[in-house]
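Have a look at the structure below before the remarks.
Per-chain numbering from 1; labels A, B and C assigned in written order.
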């Protein structure tokens, strides 16, 4: 028995399984998107032609974009605070931010529902103390979606930022102020550029992951917040519309893939220069 | 020579067009301590790995105790090995580590216990059996590795830079211990190192590796006093080279740039050659003739280095070649040297080797 | 004010507190409500009781779905652990370009949006008769969890000293013995960690299960999903708490395993 053979036997089951039960289905999906009802690109024309679908694509991009922006705005001070806190506080914060990796999105989206809905805790509280007379619409709208998604995706922003910030030498900032920059300018001219790699990595992760989100927008979003994943589910679940659902899935797949490649290559170019 | 224990018959290992080792021929007698010496990438470790069975030779055959080794897998070879950085099993105690090869050979539990104790005692680690490897110092880990490699009494023991991770003092101490163990146990050892001093101290014979080949095999004294190639002369100890062409080739002797020396290898008249002379054989005379010296040359003193028990003088010859001469303190007193002053040098023809210049 | 250390320290404290509230408060509230004595999702609850846990376990819909989840999770995690570990071992020994490609393919279910995987698997599994039964769900969960095992074990194998295997062979251990006595004990913390990961992912999985399950074979997450979309009572809070506790226990178990391995193996 040679070493090569042994590796072959070790890897064959996993590769076979993924090949048959994953790669083949994805290819099958690709095929259906161009072969039904007749061969051609008509399904893609529908996706990019009809206002309803274009609206969903726009929703998807804008929700992902807003989530990314909010994650950056919240993640930056959080990561900074983590780096500069005492060790036990840092450990606590890491644990707190890590919880999303381990708890189901379903549970956490449900929790937001309990808090935000019309008969939910916040409305009860505000009405109870007489601040408002009518319950506020805090959920089933864009606000609810973003609140839920940012909470879930925050770690993907915080950890890249944290690892970059932890390596930034405090003397840079001191040097900048010593050279006459006020703290604000020192921040924008020295600190922020140094954290750029972490910020960019985090933004890429958050944006790409948000594009395919399903559970949170479905539970916390309203009619106007339908994202592409929800549309795929609807087309299959309610209408059995495989051709269009396949086309949408392939658009999502290619879209995220292209985005990944483009951003990655921009990174490499930059990394090469500096 | 008695029947060799290990016979390497023209073995080689090629990775595509690159030869990691080529034309390796070596007989190792029972009880011998043979060192593979060479710079990194010279093929010494590759050769060792072929003997151990981790690397399959692409040419030639290996025989151990008269039997071909090629078809035998690693775990049936019965060759002990001390790995670089020891490779002690981190999840097993010291005793479990040493016991492992016995267990693999189906030795009964009671015998195992006794033999493990013996082996640990042999390396001076009795009572350390229950510890984990990482609780031991580097030198102690080294001993455990030694015990594990020897506990099943292999006929051949391989050691791959076993002292590389230790500091100088501990190294020298362990060199002596390994030599004593070798003498007491009578095990045949193949030892890989890139440290020429270590090789000179420990070995019965040294095989000097370079570019995947063995340049020369011989006793430490042979290699030092009678190198056959320029590489060997350069790699072992310090040597002065005077380059030129082989002249007046006759029998055992020849000349380079008019200086006589012993032929270290076959050379044709006019072939590029070097004359190699050790610094301690090169004498600064400056008026005090040294008896028996039959070659002389002259130059300018560039540097004088005081080394306590000796003095080293760097002298530039007329063509710019720098040579160094090493003299004992007592001798040095007779010839005071000043930087920039002319110096006359001499040496004996029988101390110089004339080698091919490659 | 800008230059005072007190100000910055205080600001950091505020940020930290807000973060903890934002990340944890929803979970804590659900946890508390699950012990509520009220009939609705009110907070703070007027009193405490275990009635919703009682209801969860006595209601056949919930108890059956919990059992279904376990019936999917246990075999799926076991298969994913074995196949993923084997693949990680093979890939760690392969150096060709193929190894990189194969790794990419095996990791793909983790990287591409899960809705695509779900739609694709559903489309094909329906044709193969793997829809609405345990086999289909188990297979799908193996696909989804295998990348987690592969990446966890691979990360450990990077640090694994392969000369230990050489040393074992030199000591006379044949390959299988070497694997059993040396390799497996040394990588077992990461295998365990990967398995826990696989269990949590399978336990919490919703999207693919949503496609593949029917009312007869329905894991707990799908049951919860359909109830949230209908009317909600605190039973769902109890279910959510169970899901959360499962993750928490797995997280703690993983932490313990890691710490232990750090002490014993010292990799």
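Operating definition for what follows: a contact is a pair of C-beta atoms (placed from the backbone, for glycine too) under 8 Å apart; a residue touches a chain by one contact, two chains touch by 3 or more.
Note that the structure is a prediction, hence the values are computed from the model and not measured.
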{"item": "Pair of chains with maximal C-beta contact number", "value": "A-C"}
{"item": "Furthest chain, CA centroid comparison against chain C", "value": "B"}
{"item": "Centrality ranking, top chain (CA atoms only)", "value": "C"}
{"item": "Chain A-chain C separation of Cα centroids, rounded to whole Å", "value": "19"}
{"item": "Centre distance in Å when chain B and chain C are each reduced to the mean of their C-alpha atoms", "value": "56"}
{"item": "Cα-centroid distance, chain A relative to chain B, in whole angstrom", "value": "61"}
{"item": "Junction residues of chain A, two or more chains touched", "value": "none"}
{"item": "Residues of chain C whose C-beta touches two or more other chains", "value": "175"}
{"item": "List of chain C residues in touch with chain B within their complex", "value": "161, 163-164, 166-175, 177-178, 181-182, 185-186, 264-267"}
{"item": "Chain C contact footprint on chain A (complex, rising order)", "value": "1, 3, 6-8, 10-11, 13-15, 17-19, 21-26, 28-29, 32, 77-78, 81, 84-85, 89, 92-93, 96-97, 99-100, 102-108, 110-115, 119-121, 124, 151, 154, 183, 211-212, 214-215, 219, 229, 232-233, 236-237, 242, 245-246, 249, 252-253, 256-257"}
{"item": "Residues of chain B defined as touching chain C within the complex", "value": "52-54, 73-81, 83-85, 87-91, 100-101, 104-105, 132, 134, 148-149, 152"}
{"item": "Touching residues on chain C, where the partner in the complex is chain A", "value": "2, 12, 15-16, 19-20, 22-27, 29-30, 33, 40-43, 83-84, 86-87, 89-91, 93-94, 102, 105-106, 108-109, 112-117, 119-125, 139-140, 142-143, 146, 150, 175, 200, 203-204, 206-207, 210-211, 221, 224-225, 228, 232, 236-237, 240, 243-244, 247-248, 250-251"}
